[in-house]
Each structure stands twice: as structure tokens, then as C-alpha cells.
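Each of the next two complexes has chain A plus one other chain: chain B in the first, chain C in the second.
Up next, the complex of A and B:
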């Protein structure tokens, strides 16, 4: 398929969906709602923000209540997450498992098409300086998507389907030439990625490592890193009283926020910044791998890019691994 | 697909005042006839507008088909509001959640500090008539006014080895000593071949566990109940994570065998 055909395909999608895609603004790329094909950035440069809010909005109403009446609120529009890079697809693949039994996530997902994109997978791994996994040939088999588009060196595009839904959408749009890839589970046949195991080992028993004290000295506990992180999904449930009843809302939160661990009597488990930082890394490198044998961090470095004091997760992991060997 | 965030209406059928800041609500749930739980499990109870919070069930599992009891101390906005509920009022409940206590196969030692007796009372009720095991209760409380479940305590004191220690003044109605819960551990000979269930404020755990280990109780025989902030109740929101597990779904009861592998619980 050439660029003109790709344009036709995308324009069809634009006609009756809300489409989110990477888009160049000033010097950076951002995931934004787009209105026409020309706005889309096809360089596979990592967007400054991720696709997270498409799948887990910063705030959503779960139910409304008035007296004894209880009304579930499911709101979602037909949406397309277009040209998702492989790292954001990995974060999305994680979400698919974390929210597997979450009715609000799943209802929204039913109305959402996920279309991945790469301009060359091995190149992406090099370009993104991936530290959470080694490159493996069959990357796509372990990612969840409906459609995946690969830009070839000659400028043409090849298509893959990853679900029945994706196949149907391709057929409806007269794309006949595509390969189907069956999702083969989170763990490759050869076993868990060795990097996943090594990173876990570096973090798991590191609480007494001096690194955490040093980071706690400079970290402002502002939580910017977790807001921007594509794999951070911690949330609060909050009640919002309205004139005609109460709305229960689900809202993003961050383990850096003061209320996160507060219990009765104003006691906080994560009172010290050191504990917050360790909790954050522990979730990504220990708890998620233990629960799902999958990555809790996808190497996007967005946390580093937004951190006002330059806390660098890749460098920190390296240091923990080195100290652990001592 | 089940909506994990939906609740059911529960009717308050009776309120018992335990102490000036604590009530026990007897509740009839919408699905009460089919309701079952294990001692140590909890439900989320709430009032729209005030959110919800986890509360351990303090009645006997045998009564689950008729009612459940929630013993609530009014310390926060929601719990204070829950104290205003009267018979006939409605509350919003979902659950039960959590793992509950493991089945008791040896002698049983219950160590409770402050409100800690709330989940343990259900274990006690479940095991009190057994002839094959001995039960020992060590209970610490600030003062007599804050004691809970007085009637049950009086019965327990007649039937089992119940030791009460108070931090402030002595009790008029109970045989009690003065001091801290750890003093009880020093003064009393613990039952041999026993499982120990400990429940109380987090600050109590290091001293109690250290003492138990000194007395050669195996980490696998010690169970602690953890309290954490909780939102979703199904192990997603991350507020209640403990190591690689969650208080809401893998807890609230954890063996010390597991906890001691985590840096924050190495006493």
C-alpha cells in the first residue's frame, strides 16, 4: 500500500470516529485528537504524552445515585488510537490485562480500535534506547492491537491484523492484503525476557540502597513522572455530590500525592519521599512482573523528560544493578 | 461482566453502642440469605457523598444467613456519619472482600490491641465451642471506657484464658493488669503448638512480633492483619499494595512468613 492508499484508509476512519494520533507541534510530537490525515506524524518519534487517557480517562463517572436509585454511567464514543508506537502498545497491552475484569474499561475498549505503527521495529528499539527488554524477532505476537501498520524502507506500508475486529475493519475498508497475527500471550515461548528478570532483581531488595536516600533529597514528590507515565494507572474513587444526587468518580492519582496512603487518624504508610520512590519503582519492576510476568515500565523516558530535578530511571536502574552485584 | 464498583442496599436492623465512639451495626444485606464469609473478611460500607471504607465483619459466620455485624469507630468523616445510623436506615455495602483467617488447626492465640479485636471476635465466635483446641486471648486497650464487646468478653473470660491489660486506669468490671500488650507477652505463658492471630494498630506489630519470635513462635504461625487505604477492593488501584500483594484481595491477613520477606516488615 502506498501513501495515497494509506491516506484514503485513514480518511475513512476519520469520517465517523474520534481519532487520536501523534501530531507535530512546534518541535515535539504530541498525541492529540486529529481532524485530517496531514496532521499525523508518521516518523514514529515518541510523543511527549502517551495514549493513556484514551483508555483510562483522567476522570470518569462510574455511577450516579439519588436516594435508593443507582444508575451506572457508561459513556464512550467510537474512538481510534492511531499510529501507536510499540512502547505505548506495550503499555496498552499491560492495561488490557490489568483492567481485564473492569467493566468501564472494557465497555470503552469495545468502542475503540487500536492501530499500531512502526517505521522499523529493530530501529525503534535502538532509537528509543530500550532498557526494559531485549529486542526479539516476534515482538508483534506479544502485543495487543487491532491493526498494525509497518512502514517499509521503500516508503510503502504493510498491514497486520491482530483481532477479528481489526480484520473486519480492514475488510470494510477494502484492505485485502494483510497478514493476521495471533496474540501469543505476554510471555514469549523462550521464557520471560532476561532484562525483566534482571531489573526485578535490581529493585526488589534495594530499599536500603543509598540511591533512595539520595533521590529523596532532590525529589519534589510532585508526581509529574507518574502522570506522564503510560503504565501508571493508580486511581482514586471519589464522591462528588450534585444537586440531584451523588456521582462516584474514578480519577487518576499518584503514589507521590500526600493522600495516597492516608488512613484513619491521618497515618500515612508512604510518608517519606524515599518510600514513595521505592513504591513507584517496586510497582513497575517487581509487582507487575510478579503478577503478569510482564513489563511495568516500557523505557519511554517520559518520566525523566518531565522531572523538574532530572531523576533518570534508566541510570538509576543501572546503579541499583551495579550496587547489587557488590 | 460484574460491576465491581456497584453496591447493594443494606438495612440497619439494630445498633449496639460499644463505647462512646464505637457502634456495632447489625445489617441485613440485600442478598443476606445467600451471604457467606470467612472470619477476617471485610465489606466496603459507604454513604453516597461520603465515600466508602473497609470494615471487618464482627459477627459469627454461622449467622451470615441472617445478618452481619460491623463494628465501627467514628474517627473519620465517613465513620462518624456511619455512627449516626439508626435501626431502619439504609447503608450501601459490597463484599465480602479479602482472604479471611486460615482454618484453625492448632491451639489458638488471639492478640488484640485497641480496635484490633473487631475481626478477631468473628474468629473467636467461630472456634469458641471447639473441644479439640485451646484458646488464649491477650488483649490490650487504652482504658476501660474503650473496651468493645463487653458481654462477649465476660463470657470469654469464664470459658477461656482471657488476659486483659489496660494502659491507663484499671477496670472495675474486668480482671485486668496495667501496662502494654507486650507486658502480657512477658508475663503469660503462651499456649504451645499454637497459631497466633495478631490484630491492632501498626505501631504495635514490631514489638509484638519480636517478642513472639523470641518465644520461638514460627513466622509461619504468626498472622498479622494489615490496614491500608483502599479504593477499588479488587487489587487494581494500588493504594493497598504490600510487596507484590494487596490487602484487599490477598489480605488483610498476612502470615509473617510472607511479610518478613519485605524490607518494611523486617522487625
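Up next, the complex of A and C:
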């Protein structure tokens, strides 16, 4: 498929869906709602924000009641997450498992098509080898998506389907030439990624490492890292009284915020910054791998990019790994 | 059983009355409250000044007690109301007038007014230094939607609270440019959220009108700011809404 055909395909999608895709704005790429093909950035540059809010909005009303009437507020607009990079697809694959039994997430997902995209490896991917970073051949087998588009060196595009839903969408749009890839589970046949295991070990018993004290001296606990993180999925549920009845709201929260671990009597498990930082890393590098044998961090480095004091997750992991070997 | 409507009143001390205007900007949503409460006092909606001997279930007070008359009114309202809620920066932490406290207030007075013009020159105090305050609704001006949420809660007997997050949360969710990363002074990381990061939307760093967030990492922020700014520059921003006073 050439660029003209791709344009036609995307324009078809745009005609009756809300489409989110990477878009260039002031020298950076942001995931934004798109109105026409020309707005989409096909360079494979990692967007400053992730696709997280397409699947889990920062704030949503789950249900409301007025008197005896009870209304579940399900999102129903057909949406397409277009040109999702591999890292954001990994985060999405994690969400698919975490929210497997969440009806609110699943209803939205039913009306959402996930279209991945790659234009080859980012030039600087070796810089982050502390993470898993194995862009090997069968990476698609372990990702969840409906459609995946790969830009080849000759400028043409090849298509893959990852679900029946994706196949149907391709057929409906007269794309006949595609390969189907069956999801083969989170863990490759060769076993869990060795880096995943190594990072888990490095973080697990590190609470007494000086690193955490040093970070606590600079961290502002502003939580920007966790807001921007594509895998941070913690949320609050709150019942919001209205003039008549009540609304149940779900909102993103973060372990960096005081309300996160507050219990009766205003006691907080995570009262100090050091504990917050360690907890954040522990969830990503120990608990998620333990529970799902999967990545809790997809090495996008967005947390570093937004940090006002420059806390570098890759450097911190490297240091913990080194200290652990001692 | 038909319960009696809750009776509420709104009172202004010295202020721009911007908080009450912010509430009126809710338009029909504000007046819809009439279904559940009786609004007995709201100067901007009345012809004369309301100083009756009535009782209130809830009194909302905006502004700073800067004159003898203000202080008298505040004490009276406290006696008349079961619940007193201080709304807006002035009532919450002293407001812009508080700037006066950081210099010689006589000198400032003489600079602004020439001679004895019958203007009082009190120390600027937040409302809770004079009377007991049950709840605070921060902000300059107050966030009208937060006010609605608050009063809806009070109507059903829920003791309301506001979220304890820093402004950075709301700023990052909206994808605004981080002015702190750009090297400017911003109090977002230590300031109580709830403003939807409205200043950051216009690339204006946060000055902390909503007061300090719980567990604010003040020392770390000051350390970071000192890399690029003099103490004088940092203090100037900390003084705008009196955050400097809250640092200990």
C-alpha cells in the first residue's frame, strides 16, 4: 500500500469516528483529536503525552442517580487510537489485563479501535538498554491491537490485523492485503525477559539504598511523572452529591499525592517522599511483573522528560542494578 | 416528611467581591439552589445592606476583615451561623492586602493616602484569626464548581472536603507547558489544586492563591528555584498570596 492508499484508508476512518493520533505542535508531537490526514505525524517520534486518556479518561462519571432512577454513564462514541507506537501499545496491553473485568473500561474499549504504527526503530533506542528494549521480530505477537501498520524502507505500508474486529474494519475499507497475527500471551515462549527479571531484583530489596534518600532531597512530589506515565492506572472513586441524587466519579490519582494512602484518622502509609518514590518504582518493577509477568514500565522516558528536577528513571535503575551486584 | 429548607447567607468583607461574582457566573445553576436552600442574604442581589438579626444554617464569608465594621460584622455573622465557610484567598489566607504586612505599613499608608483621610490601617488577618471557621474554600477567585460540590454535600449532611493534590496534577493532565522546566518561578508543586491550572493555561506561573497543598515539598522547590533565581525574586512571588507566612 502506498501513501495515497493509506490516506484514503485514514480518511474513511475519519468520516465516522473520533480519531486520536500523534500531531506536531510547537516542535513536539502530542496525541490529539485529528480532523484530517495531513495533521497526523507519521515520523514515529514518541508523543509527549501517551494514549492513556483515550482508554482511561482523567475524569469520568461512571453512574448517576436521581431519585429512584439509576443511570450508568457508558461512553458510546466510536473512537480510533491511530498510529500508536509500540511502547504505548505495550502500556495498552497492560491496561487490557488490569481492566479486564472493569465494565466501564470494557464498554469504551468495545467502541475503540486500536491501530498501531511503526516506521522502524527510534535512532536512540540503544540508549535505554537498561529497560527490556528487545525490538525483536515477533514483538507483535505479544501486543494487543486491532490493526498494525508498518512503514517499510521503500515508503510503502504493510498491514497486520490483531483481532477479528480489526479484520472486519480492514475488509470494510477494502484492505485485502494483510497478515493476521494471533496474540500469543504476555510472556514469550523463550520465557520472561531477562532485563525484566534483573530490574525486579534490583528494585525489590533496595529500600535502604542511598538513592532513595538522595531523590527525596530533590523530588517535589508534584506527581507529573505519574500523570504522564502510560502505565500508571491508579484511580480514585468519589461519590459527588448533586442537587438531586449523586454522581460516582473516577479520577486519576497518584501515589505521590497525600490522599492516595490516607486512611481513618488522617494516617498515611506513604507520608514521606522517599516512600512515595520507592513505592512508585516498586509497583512498576516488582508488583506488576510479579502479578502479570509483564512490564510495568515501557521505557518511554516521559517521566524524565516532564520532571522539573530531572529525575532520570534509566539512570536510577542502572544505579540500583550496579549497587545490587556489590 | 418535609424538612425545612436550609437557610444560607453570603457576606462580603473588604474585597473585590470577585468570589460572589464567580458564584453568580454559575447563572441558572446558582439559582437552582433555591430548590434546596433559602438564600437569605446576598448583597449583590439586594438593594440595601443586610444586617438583620436572622439565623443562618450556613454563612459564606468572602474578603478580609480590614475595618472595625468588618470585624464587627464577621463576629456577628459567626454568632448567627451554625456553619461558617470562608471563601476565596482573602478570607482563607489574607489575600492580596496581606502584601502590606511585608513592609512598613505606616509608610505604605502614607504613600497611598496623603494625610488623615479616615482610613483604618489594621493588620491584615485571615478570617480564622478572628472567628472559628468550619471550612475553607480557597482560590482567587473561588472555583464556583467547587462551591457547588461543597454546598450539595452540605445539603445532604456530608462533611465536604477538597482534593489534596498539587496544581501540577491539573496542569500535566491538560498538557500545559511546564514553566518551572522553562526556568520560571512557579509554585504549582506546592499549591493546593482545584483551579484547573487556569494560570498555567496562559503560561503564567502559579503564585499559590489556593494556599499550600498537604505534604508540600517546599524546601525542595526552593532549592530548585535557587538554581536560577535570587532569594529576592523567590520571596517576591511567595509574598503575593502570603505563602511566605505559611512556610513554617
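Following the convention adopted for this analysis, the second predicted complex is superposed on the first by the 309 of 326 C-alpha atoms of A that agree within 3 Å, B and C clash if a C-alpha of one lies under 4 Å from a C-alpha of the other, contacts with A are read in each partner's own complex, and residues count from 1 in each chain.
The rule is simple: contacts are C-beta pairs under 8 Å (C-beta built on N, C-alpha and C of every residue); 3 or more make two chains touch, one makes a residue touch a chain.
This one's a predicted model, so the numbers in the text were calculated from it and none came from an experiment.
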**Report entry** Superposed partners chain B and chain C on chain A - clash or fit
**Finding:** fit
Report task. Identify the partner contact of A:254: answer first if only chain B is touched, second if only chain C is, both if each is, neither if none is. Result -> second
Query raised in the report: What is the contact status of A:165 with respect to chain B (first) and chain C (second): first, second, both, or neither?
Result: neither
Requested in this report: Mind working out whether A:195 is in touch with chain B, chain C, both or neither, as first, second, both or neither?
Outcome: neither
Query raised in the report: In the superposed arrangement, which partner chain does A:265 touch: chain B (first), chain C (second), both, or neither?
Result: first
Report task. Have a look at where A:8 lands relative to chain B and chain C in the superposition and call it first, second, both or neither. Result -> neither
Report task. Pick one for A:223: touches chain B only (first), chain C only (second), both, or neither. Result -> second
Report task. For A:319, decide between first (touching chain B), second (touching chain C), both and neither. Result -> neither
Query raised in the report: chain B or chain C: which reaches more residues on chain A?
Result: B
**Report entry** Touching partner for A:24 - first (chain B), second (chain C), both, neither
**Finding:** neither
**Report entry** Centroid geometry (CA): angle chain B/chain A/chain C, rounded to a multiple of 10 degrees
**Finding:** 70
Requested in this report: Identify the partner contact of A:106: answer first if only chain B is touched, second if only chain C is, both if each is, neither if none is.
Outcome: first
Report summary line: In the overlay, chain B and chain C get no closer at Cα level (Å) than 6
**Report entry** Shared chain A surface residues [contacts with chain B and with chain C]
**Finding:** 241
Query - Residues of chain A defined as touching chain C within the complex - result: 30, 48-49, 53, 58, 217-224, 227-228, 240-243, 252-254, 257-259, 271, 273, 306, 308-309
**Report entry** chain B residues touching chain A - in the complex, by the definition given at the top
**Finding:** 1-7, 9, 48-52, 73, 75-76, 79, 90, 202, 227-229, 231-232, 234, 236-239, 241, 243-244, 263-264
Query raised in the report: For chain A, which residues count as touching chain B in their complex?
Result: 62-63, 65, 68, 70, 72, 98-99, 101-104, 106, 205, 207-208, 233-239, 241, 245-246, 248, 250, 255, 260-265, 267, 269, 275, 279, 282-283, 286-287, 290-291
Report summary line: Seen from chain C, its contact residues with chain A in the complex are 32-33, 35-36, 149, 152-153, 155-156, 158, 163-166, 168-169, 171-173, 175, 178, 180-181, 188-190, 213-217, 220-221, 223-224
